[in-house]
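Notes to accompany the following structure.
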Amino acid sequence: MRFGWTADQVALREAVRDLLASACPPSVVRAAWPGGDESSVEALWSALTGMGIPGAVGELGLDEVDLVSLLEETGYAAVPLPVVETAAVAAPLLAATGDPGGHLPGILAGRTRVAVAGGLVPYGRRATLVLHLDGPAAWLSTLDGAVDETTVDGSLAAVRVPKPSGEPLTEDAELVGLAADRLALGAAAQLVGLGRRMLDLTVGYVRERRQFGVPVGSFQAVKHHLADALVRLEFAAPAVYAAAWALAGRRPERGRDVSTAVLLATEAAREAARTAIQCHGAIGYTVEYDLHLYAKRAWAVAATCDTDAHLARVAEALDLKGAAA
Amino acid sequence: MRFGWTADQVALREAVRDLLASACPPSVVRAAWPGGDESSVEALWSALTGMGIPGAVGELGLDEVDLVSLLEETGYAAVPLPVVETAAVAAPLLAATGDPGGHLPGILAGRTRVAVAGGLVPYGRRATLVLHLDGPAAWLSTLDGAVDETTVDGSLAAVRVPKPSGEPLTEDAELVGLAADRLALGAAAQLVGLGRRMLDLTVGYVRERRQFGVPVGSFQAVKHHLADALVRLEFAAPAVYAAAWALAGRRPERGRDVSTAVLLATEAAREAARTAIQCHGAIGYTVEYDLHLYAKRAWAVAATCDTDAHLARVAEALDLKGAAA
Amino acid sequence: MTVDLTDTASEAAFRAEARAWLRANVPAQPLPSGDTREGFARHVDWERRLHEARWSAVSWPERYGGRDASLWEWLIFEEEYHAAGAPQRVTQNGIFLLAPTLFEFGTDGQRDRLLPRMAAAEDLWCQGWSEPEAGSDLAGIRSTAVRDEAAGGWRLSGQKTWTTRGAFCTHLFGLFRTDPAAARHRGLTYFLVPLDAPGVTVRGFGRLDGDEGFAEVFLSDVFVPDADVLGGVGEGWRVAMATTGSERGLTLRSPGRFLAAADRLVALARSRGSLAPRLRERAVRAWMGARAYHLYTLRDVDALLAGVPAGARSSMNKLFWSELDVDIHEAALEILGPEARVDAAWSRGFLFSLSGPIYAGTNEIQRTIVAERVLGLPRGGG
Amino acid sequence: MTVDLTDTASEAAFRAEARAWLRANVPAQPLPSGDTREGFARHVDWERRLHEARWSAVSWPERYGGRDASLWEWLIFEEEYHAAGAPQRVTQNGIFLLAPTLFEFGTDGQRDRLLPRMAAAEDLWCQGWSEPEAGSDLAGIRSTAVRDEAAGGWRLSGQKTWTTRGAFCTHLFGLFRTDPAAARHRGLTYFLVPLDAPGVTVRGFGRLDGDEGFAEVFLSDVFVPDADVLGGVGEGWRVAMATTGSERGLTLRSPGRFLAAADRLVALARSRGSLAPRLRERAVRAWMGARAYHLYTLRDVDALLAGVPAGARSSMNKLFWSELDVDIHEAALEILGPEARVDAAWSRGFLFSLSGPIYAGTNEIQRTIVAERVLGLPRGGG
């Protein structure tokens, strides 16, 4: 048994973290909101492309274990672009299906971004293609007919697109299922990262902010809220890494493990958001402060997770399906 | 609209409270455990009979609203006898069915105690009759063939009895349903009382117990646990009183209201038990201290509540039944 | 007095009248949020219509524009108001918070002068409690009021923040330090300040739910005459506690609002053809929470009418409704699933609900109050 | 080093050997509780059989009776042990708590003298931390050790309480105040005390779960030689923190125990023909909790092997497993419904689980430790 990172994995994570710290500070997330300066968002994609992220699976030879902490970092930075969708979902699926439309070179070059539809299409306004994962088949469509949608997380640049018709990209249920699990794993990893960011912001704030003559962070109630939120996150993260390993090895328990990761990460991120807003007090409730950028993203990502389906999948793996009334 | 108590109701409650404070202190609850002195438990029933409690509905003309805070007090004192079952369930049912077996005089005289079966028969060892409420019909049986069962709450004196056969006491589904709702209301009232007792014990303890040079009750964490538990109880109690009113008036929403009361009271009592044990620290974990008498009773009463059935009944009243997957 | 949870004949008549009027008058389309500049103006129009029909402050004496309604009738009006989906009350800080304080601490002159204009939505009041360094710790207020004996009043300076709808209101009530030597919650005085007075600057800023509903209010040597001191110089803390009691308790948070929200949640759940039992249970439990809140407040009204002051019980009230409100909205978002991301009524309501456990004294502070003043636990200990 | 959650070939062989031995040797009928006098004796017999097969302390060096097993192998043994439904370890306070402290702070002489007898269940150790006035506040210890220079040792007096299985054990380790002038956690020393020494009186008393598993230990002028001071005079606090770290963390609470409990819960849920979806979800979530705990501890082992000390992370560990254990048992009782009242395995387990958030430092204290030492929040503030 081993459950650690290689030096290469650690180095890659740190490189991505450093890159995002400079290329995706809160001001860039803010710029992705309506009326913001989209050029800084474009610059961020260029920076990610410069590191080879969009083609990381094929080009850099990364598997899900290599990728997972990198995706966590994109959550930590609330990258307002379809990184998970393009790098971890679409690119491997296109490669596996022989890339009939010839999109991979564009992805590698940073010209093509692929969003994934799920009711809404998050980052659709910033994508060139939309991937539809629907049961046993997948389709690829353009943004033709896309309609903008106003979302709580204004940085989503979400659209709605018509349901695709015509030739599917693939009808290989195994491949499509794998793509859906990668998307779910990416969401779980981002949620852990978002949770960590919200806790970091909160810890920083309550150490400085003084009320009743002492830092707010010296009150037991604040300490205990934050400790609980941290515990929840710290115990979700290993489940996310284990799911990445199960997925990378195409292990039979991967469905159960991905669903477990998603459920734990969703709960942890939601609790982190609640805790962060509560411990900040009024300032956490303003848009002039950065916290809302991360909280709203966390809610948006968490909303994509089909809790009932994931619960059912774990129940089935535990042979509890038949126990339902 | 009115939602208060009459002076008579307040006086009756206070009289019962005073009586139980002297006739049912923790030592009497302890005496009801195996190996204890059952004579003090018998003396308690005599005291209750002296106040007319067993025949309160018929003799004193009390309805559920009059009765509810009295039953709450029997919870507060953890009376180890079938008060709810005899006074609030069996006696009115016998009266409504014409008392074919002629048991009412014995109940009024304090000679006859009626327990109610629900898997186990709590207080069965101290009862002379067992009432079985089963769907649309009710049966009355003796304790013949009763087998003792060891329960976590040792004061229950629980038995198992054979399923009754032969002539039912009644097949009037309305009457049987009413009896079941009275039993449920009694449980809810007792749970509120038990919750209050556990909080009172805890508040008393944490005001005295010192650690780190100050009373334990001066720590925010302890304060906040207890405040949360109190809020839960204080918001369950009015729902219990409202259910009593709906039941007394045979109002159409009584099923919904009794189920709401049971669900809220169960949650509140369970939280009170958790909080009380946690805030006591190690002493709350010993049988030499009184807290466990009330916590175990609360768990025992809560276990009789069929959460799923109550949830389903409220859902049905809200026209949510069809929304189930 | 005993239990009867049905309306008396006169209550039923009152309910019927309110319901009929609301049915005829509530705008068919929801108004834009009253916490934006344009929406606020629309809401003020609505408030004036309410006032014309004498529904804006039903429990007030008739001479101030009310109906002398009982507390029970007031609750009934609130139920009907929210059930009808009527607009949020942008006058609430005046009518529900300042007015009860005026009834308790004001002079006849202040009441005669202020209440009719408040009921008519001519004066629009906002709160001036928090300051950059005094949020939860209200006693940390630094804004000052310096005596101007010659002019017969006070000169106010400082900064207030988190003032809800402050950018759209006409008046502010708040605490200022009149005795700089006195410690913390001593030496404070409660002032009534017109926002068009020379020296006042108001800057609006954005809230989590997307509305520009907060304001910072800067005061620089603003003159306020003695007639606009509420409750006596140096009495500010005591007077303000009455106002925050109203904010935490029944007055601002009548059960009607949560009953209506819970009913909307149940309707949302009902509208889903197939709903996971888990989510059905959430809806049922949220509904039971609203019902529990309703019943608790009815008990409270009974106690109030019997002369028992709410006191620290308003903190229990606040703990319960604020958590309930979050719970109702979280349940709705779970039912909505991926559509919860869309900026719409439930998602905005959710964001707004998150302010409940923070404002009017954080829930952490409320828990401490409940523990110390209701349960009698020792003070202090952080 | 990277991720591989499967056994290596040698780990698989170790697992197979453990499983085979356990299958052949675990008593078919559960032993009576080891926290009663009769059950304790039966458990000691079991422990001796474990030792004979060298399974009692697998991670120890062979010369003390162990197998030099790696941390991974130790986890594997624990998994198999609990999955096999093998008896509770009544030697745990010695083998899992005192022994790691002996490895870190003991002298070679102490290790050679104490560890083999501990592994063989000849010496049976209990803890002497809490006192009537020092529970959560361990630094409030009042029991004293007075220097007896002539005899080359110390004379111990005072009262210890909440000593698990103290009435059945042979030895006690605990803290005593050697410098009465020093404040709170200074001036304490860690002593190893035979319970048959003159001046020791032990009184057993009852626990919530019905077992007489607690004891009070009274010490009156009990002589302990210098050889039985662990880690140096005045160093008691530091040494004790290592022991409580073991108690909170991985050492005492290996994931195997919770994985086995979660599996039993799932089996209970499965055994019900029709189970409300609500209860199925509870079982699923409890199982996921046990899985999360397992994976977290694997990460921890990896970090420990890389030389990162667990430190305050053991407090996170303790918060998680103690809440998880309550949750697993609450779920089981909910599934059992009215049968939950019966005094049986799940109900006893539930009562026992409630001690988890209390002992080894209450969870309130653990949260404060996590906040201060992991998150870096300011100390103090109550």
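Each chain carries a letter (A, B, C and D) given by its place in the written order, and its residues are counted from 1.
Here is the rule we go by: contacts are C-beta pairs under 8 Å (C-beta built on N, C-alpha and C of every residue); 3 or more make two chains touch, one makes a residue touch a chain.
Here is each chain with its UniProt name: A, B = Acyl-CoA dehydrogenase; C, D = Acyl-CoA dehydrogenase family protein.
Note that the structure is predicted; figures quoted are calculated from it, not measured.
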{"item": "Pair sharing more residue contacts (C-beta pairs) when B-C is set against B-D", "value": "B-C"}
{"item": "Option reproducing the contacts of A-D, where over half of them reappear, out of B-C, A-C or B-D", "value": "B-C"}
{"item": "Chain whose Cα centroid lies at the greatest distance from that of subunit D", "value": "C"}
{"item": "Length of the line joining the C-alpha centres of subunit A (Acyl-CoA dehydrogenase) and subunit C, rounded to whole Å", "value": "38"}
{"item": "Inter-chain centre distance, subunit A (Acyl-CoA dehydrogenase) versus subunit B (Acyl-CoA dehydrogenase) - centres from mean C-alpha coordinates, in Å", "value": "50"}
{"item": "Numbers and ranges of subunit D residues touching at least 2 other chains", "value": "276-278, 281, 364, 367, 380-382"}
{"item": "Numbers and ranges of subunit B (Acyl-CoA dehydrogenase) residues touching at least 2 other chains", "value": "214, 218-222, 224, 308, 311, 325"}
{"item": "Residues of subunit B (Acyl-CoA dehydrogenase) defined as touching subunit C within the complex", "value": "1-6, 9, 65, 199, 203, 206-207, 214-215, 217-220, 222-224, 226-228, 230-231, 234-236, 238-239, 241-242, 244-246, 260, 263-264, 311, 314-315, 318-320, 322-325"}
{"item": "Parts of subunit C lying in touch with subunit A (Acyl-CoA dehydrogenase), wherever the complex brings them together", "value": "130, 133-137, 140, 161-162, 205-208, 210, 214, 276, 278-279, 326, 333-334, 336-343, 347-348, 351, 354-355, 357-359, 362-364, 367-368, 382"}
{"item": "Of all residues in subunit D, those that touch subunit A (Acyl-CoA dehydrogenase) in their complex", "value": "1-8, 11, 72, 75, 266, 269-270, 272-277, 280-281, 283-285, 287-288, 291-293, 295-296, 298-299, 301-303, 306, 316, 319-320, 364, 366-368, 370-372, 374-382"}
{"item": "In the complex, subunit C residues that touch subunit D", "value": "276-278, 281, 380-382"}
{"item": "Touching residues (chain side subunit A (Acyl-CoA dehydrogenase), partner subunit C) in the complex", "value": "118-120, 122, 149-153, 156, 158, 210-214, 216, 218-222, 274, 277-278, 281-282, 284-288, 292, 295, 299-300, 303-304, 306-308, 311"}
